[in-house]
Amino acid sequence: MRFEPFTRKVFYYETDKMGIVHHSNYIRWFEEARVYALDMAGLPFENVEAMGVLSPVLSAECVYKLPFRFNERFFIKALIDEFGGARFSVTYNVFGEDGVTRVTGKTSHCFVDENMRPLRIKKTHPNIYSVYEELFKTGEDLYG
Amino acid sequence: MRFEPFTRKVFYYETDKMGIVHHSNYIRWFEEARVYALDMAGLPFENVEAMGVLSPVLSAECVYKLPFRFNERFFIKALIDEFGGARFSVTYNVFGEDGVTRVTGKTSHCFVDENMRPLRIKKTHPNIYSVYEELFKTGEDLYG
Amino acid sequence: MRFEPFTRKVFYYETDKMGIVHHSNYIRWFEEARVYALDMAGLPFENVEAMGVLSPVLSAECVYKLPFRFNERFFIKALIDEFGGARFSVTYNVFGEDGVTRVTGKTSHCFVDENMRPLRIKKTHPNIYSVYEELFKTGEDLYG
Amino acid sequence: MRFEPFTRKVFYYETDKMGIVHHSNYIRWFEEARVYALDMAGLPFENVEAMGVLSPVLSAECVYKLPFRFNERFFIKALIDEFGGARFSVTYNVFGEDGVTRVTGKTSHCFVDENMRPLRIKKTHPNIYSVYEELFKTGEDLYG
């Protein structure tokens, strides 16, 4: 597997009266990058959910170093940095055209079924397990 | 029934780089006012949905006369201005502390079941029908 | 000029508890498509605003025919369908991979300066005027 | 000073296809509660910004224990838990009608002027300084 960072431009409605991207949107960008990474891994998130595997967010954190402005292009590298079968966490590095990191973050997740009961996907959904495991093992090399 | 207009203050994250509320948020405010009106009518929207009656939006329109700014208090009167059993429409009047209308709008809706099939609620859910009918008939007098 | 429709996939956070894209988001998508069209026309919106020309939304309308779901790809053709120097309006056609229109809409705008005073851009910013005029005249042929 | 927790109901557009509040919204709720606390302290945030004092977010974190659903009432206690003149941090406790904590969080901020240069508000804006200091010193007793 060889991934490209997720990229798009900043939308107007993502800015606030300070003239910069509102800080809440980075949590949403993290999700966009997470979904994109699964698309690239051949395991679209909507398929995962259709198989009855949800991965709600247990915690999220974000560090804001430099702001983004309207219509700037941004890039996000998402990496699975912890994976244990029942839980995983993802780190995010958000940078601009110049490659300089402006925002970093991390989200942690668990696997549950549609009734929010914990799932040991290694047993119940080994194909999903193996994709997450490979992403975890490959680490930063994903983005070559 | 005697209704109060829906009211709250403008949130910071609702502003954009022009320093005013982003125009997309008024469509959301309309929904807030619509839900509030049903709460006041004793028919909370979550109960309606729990009974298997969804009311998706068929169309929405919004006219922006004057902007709102961060932390300003706004008020919305929502009125059912068309009701036919299968469809209904709601008009919205958004005003500030001074009572001057700044934004108006309208949404139209239909009743469907959870599979998005049309529902004739007069037959299937007469209790819901009668609340909508009363709101429709009372009209502006709701807000005394 | 030859334009491509604006395209991206539906984000998870754009869905609501009905399992489809929340209707308010289409107003935001319209803005994304509008900004993208100006990028393609060589007149990025941030440059327009940096020249002191704002184009607030006077009205917006949206007709919802069919829903979009999470991670579906959508496309938008934005066209200037009215242009008079002081005001303009844009229509939007939102369709999926199958080319079938699911949502249509229209926004109308005026040109104002940073103090929200009307601008006759034909005089004050003829370069901006000519881009809008060309987009207006070319019409649907833009997407050839 | 004696504060009430910030409270409102969950909006429909805040839910996602999982049927619960999308996790990104809690970062926005934190901001709502922060602004409300300043209103209660007699120092509305729009006045602070009008005095040229911005307080951008340096970092944010959120722990999700239990979800909120559409139209549920929620409450937030916001407390300044660190204050040093140049920086401050705020903690958030989000709970429902039953008083049980469902989400907690923390944001850290600095004071800057409109050009994003650090401000020592003790010197430049002693009135703002003293309000923050009092909030910090009073701590949990604010909510009696």
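By written order: A, B, C and D. Residues from 1 in each chain.
One rule holds in what follows: contacts are C-beta pairs under 8 Å (C-beta built on N, C-alpha and C of every residue); 3 or more make two chains touch, one makes a residue touch a chain.
Note that this is a predicted model, so its numbers are computed, not measured.
Q: Determine, using the mean of C-alpha atoms as each chain's centre, which chain is farthest from chain A.
A: Using the mean of the C-alpha atoms as each chain's centre, the farthest one from chain A is B.
Q: Looking only at C-beta pairs that count as contacts, which pair of chains has more of them, A-D or C-D?
A: A-D
Q: Just give me the whole-number Å value for how far the CA centre of chain B lies from that of chain D.
A: A distance of 28 Å separates the two centres.
Q: Roughly how far is chain C from chain D, centre to centre by C-alpha average, rounded to an integer in Å?
A: Those two chain centres are 35 Å apart.
Q: For chain A versus chain D, what separation do you get between their C-alpha means, in angstrom?
A: Measuring from centre to centre gives 26 Å for this pair.
Q: Two or more other chains touching the same residue: where does that happen in chain A?
A: Within chain A, the residues that touch at least two other chains are 12-13, 17, 20, 24, 28, 31, 49, 70.
Q: Would you pull the chain C residues touching chain A in the complex into a rising list?
A: Residues in contact with chain A: 8-9, 11-13, 28, 31-32, 35, 39, 44-46, 49, 69-71.
Q: If you look only at chain C, which of its residues touch chain B in the complex?
A: My answer: residues 17-18, 20, 23-25, 27-28, 31, 49, 54, 56-64, 67.
Q: Which of the residues in chain B come into contact with chain A in the complex?
A: Touching chain A: residues 12-13, 15-17, 19-20, 22, 24, 70 of chain B.
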